[in-house]
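Notes for the one structure printed next.
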Amino acid sequence: MKQFLSFVKKEFYHIRRDKRTLFILLGMPVMQILIFGFALTNEVKNAKIAVLDNSKDASTLALSSQLEASRYFDIAQELHSQADIEKAFRAGKIKLVVVFPQQFDQDLSHFNKSQIQLIADASDPNVATTLTNYATAVIMDYQNRITNERKLPYTIKTEYRMLYNPQLKGAYTFVPGVMAMVLMLVCTLMTAITIVREKETGTMEVMLVSPVRPLKIIVAKAVPYLLLSIINITSILLLSVFVLDVPIRGSLALLVFESILFTITSLALGLLISSATNSQQTAMFISLTGLFLPTVMLSGFMFPIENMPLPLRVISNVVPAKWYYHIASSVMIKGLGLAAVWKETLILTGMTVFLLAVAIRKFKIRLA
Amino acid sequence: MSAIIANNLVKTYGKKKDVMTALHGISFNVEKGELFGIIGPDGAGKTSLFRILTTLLLPDGGNATVNGYDVVKDYRAIRQQVGYMPGRFSLYQDLTVAENLEFFATIFNTSIAEHYDLVRDIYVQIEPFKDRRAGKLSGGMKQKLALCCALIHEPSVLFLDEPTTGVDAVSRKEFWEMLRGLKERGITILVSTPYMDEASLCDRVALIQNGGIMSINSPEGIIASFQKPLFAARTSRMLNMQQDLLQLEGVEECYLCGEYSHVVVKPALDAAQLDSYLRNKGHEAVEVKPVAPNIEDCFMDLMKN
Amino acid sequence: MTNNRIITANQLTKIFGGFKAVDSISFDVHEGEIFGFLGANGAGKTTAMRMLCGLSMPSSGSATVAGFDVYKEPEKIKRSIGYMSQKFSLYEDLTIKENIRFYAGIYGKSDAFIKDKTAKLLQQLHLGSEANKLVRSLPLGWKQKLAFSVAIFHEPRIVFLDEPTGGVDPVTRREFWNMIYEAAASGITVFVTTHYMDEAEYCNRVSIMVDGKIEALDTPSALKRSLHAASMDEVFLKLARKAVRSGD
């Protein structure tokens, strides 16, 4: 154990003393999240919305003026029929339509509940989600107010419809995408490089001619990067929740568990690369072209996989990032639980076990 | 039992078409407590040999044992008992002197204190720099630190692959003094070097060239086996002198050696004959005298065969 | 050897931070001379050599190489010198011919000159039949000899050799020195560093650096006489043992 700890300590010295790399490793996820976040999020102040009021009663008018009064919305149009909705969106100015059903007020006073439909143009998914979130907040605020005034438990149910992009592809999905990229980069690239560096400087030679078991060398290499990855996951999640207002809808514990699983997959890949190469350059090249590109291209993060030609769709199945990305976006954005992602989790676990087994088998106890 | 036994070791690199043979069947024994030198130029196969004996490479033929353990089968046992200093500086440049030493102590399941006695004489020389990063040390200091790290677990056999290459004459001398000290403590040492003059500091040496051993003997024995008459000659024009001497019947070799040229001749020639030959050729300040061969003379003589 | 001074250094100094790597050295090298530049690791040899090659600006002092000022005319200096070191010399993945062409091309030599001289060179080195082989496939000794020939291919006035014979077998080492003698006889000044003390004896004059200063400079025989030493090895040990500093 002491042997192992001193190994880990040594790895930390390496990381700490290479300030530039450390800065990149910790700064990169922050930069990526911020760049993606602000590049994709439009200003939602005074967004033009339309109202289709099928009831025209006191409550709907009060709600409409409440929406108008908030700094987010600007009611640009009154609609008169269901058919107008499509037209309003086509005209291109309207981002969100609020639909009040008939007898809104009556339903509310007789049954204590009523509902409102929010229809958003999800071709710009970021804006769409932001707007529906804001609108919901305004409606909730109204509901709470009348509940307090009249001392009756009112509920107004909001129902969403996302037009043009129902699954919100490309929306907050960059957050799990960036997580996949960062984990891949930190774990795969850095483990591969640090091991190969020891081969280049000859320290691996000395290490091999010592009683240390190769497995220990491997695990000790992995631990610091596992920790770095956890720091990165934390900073990404904090940033997305508090700076970009991207909520974590599902279970945080599940998300962290899946992320650690994917970290281990990436570490295993890094180890495999390191045992197949002898120079830092080759290791970097393989990591970037062989892993980083597929992660970006074939994980579904940048480009929807459903739209790809069959061969690419098939290939995408062996990209671990695809599975992780699917899991992370399901948990984080759709708020799904393990029941919905157990299959993907199983596949990712299978890949990890396989890669680790190969990596450990392939790790050379001799040179060349 | 010998500490190291190499038996007909063969090592080749490359595939079918482009095969490079690094070792052509090398055999030798190193006795316990011996300081044994492998002397030869770069590319002679020294590093391949060291890597096989330290269990880092598999031989393509032959076998070898270290402390009685087979280098292929019992690699784990060997790794417990040997110390190894590879040819290039192979410590962590970004760790300090103390951190390096501590790290290597723990990977061998020991501590600096446990065997401090063994490394003390060497460590005190680098101790003033113990908080300096290893990458910032001079060549001689790096080499001392590497030796400390290789010794920290008190190995019974020490493998030093070209420890003095690229190191200045002063540090080289100090390094060899340290090796003598370690030998006194009963450690078996196998050391390789391209500097022929270092042969005289070993108990026995193997002269190696192109993957084969040309001779194994004590330094004195190797010198004694040089049978031909050898003279040192110099004149005011050294380059011309060499060309002139090579034209003389009975002169086999003539090459530079320090301020003189060494002249290898057939037994028929003597110093007086060489002297008058050179004077007749118009050389001035002629000096010819018999000289004892050194290891380089022997090495070059063996290279011809 | 003439008495033309081809290298002059006057209180040449290089300071890194607070560290005097080269501490006010002054010396001359004569045209056609073989000048041995010795010193322990970290004594400042490499730094001094870099300044003379125009690769590094001195902190103070002055120096000229081939008549050009190291401060003002480093480009002209580079055109007048050849350089070879043990570590970097030839491209392993280019053939012998390609290497020669490449280096000659750098110095802007004409095609006719290159072609003519390449043929001569290959013949001299007995490499005619291997001209199209990769340098990688050559034995070390051949590489070093080829690298030297390439370094003087463009007929520089001075050639700087940084430990050119490290690790080379004794026969090739002698052949190498014979090439150095021939180059010197043809008028090229040779500035050489080495760790082999017998090679110090082959130089016309030798300087020995200790702790950034030139501690001694003379012919090998004069140095041995003045220090009552039997060999250059002893001279070196007597001088270099005085060194106090140990870091590079």
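By letter and in written order, the chains are A, B and C; residue numbering begins at 1 in each of them.
Criterion: a contact is a pair of C-beta atoms (placed from the backbone, for glycine too) under 8 Å apart; a residue touches a chain by one contact, two chains touch by 3 or more.
Just so we're clear, the structure is a prediction, and the values are computed from it rather than from any experiment.
K.L.:
Out of curiosity, which chains are bumping into both chain A and chain C?
P.N.:
B
K.L.:
Looking at A-B and B-C, which one has the bigger number of contacting C-beta pairs?
P.N.:
Between the chain pairs A-B and B-C, B-C carries more contacts.
K.L.:
Suppose each chain is reduced to the average of its Cα coordinates; what separation in Å results between chain A and chain B?
P.N.:
60
K.L.:
Hey, how far is the Cα centre of chain B from the one of chain C, in Å?
P.N.:
Roughly 26 Å separates the two chain centres.
K.L.:
What part of chain C is in contact with chain B in the complex they form?
P.N.:
Those in contact with chain B are residues 39-43, 139-141, 163, 166-172, 174, 177-178, 181-182, 185, 195-198, 201-202, 220-221, 231-233, 236-237, 240-241, 243, 246-248.
K.L.:
Show which residues of chain A lie in contact with chain B when the two form their complex.
P.N.:
The touching residues are 2-3, 6-7, 10, 13-14, 17-18, 201-203, 205-212, 365-368.
K.L.:
Show which residues of chain B lie in contact with chain C when the two form their complex.
P.N.:
Against chain C, the touching part of chain B is residues 40-44, 129, 132, 136-141, 165-173, 194-197, 209, 238-239, 242, 255-259, 296, 299-300, 303.
K.L.:
Show which residues of chain B lie in contact with chain A when the two form their complex.
P.N.:
Touch residues, chain B against chain A: 51, 54-58, 75-76, 79-80, 82, 84-95, 99, 102-104, 106-109, 149-150.
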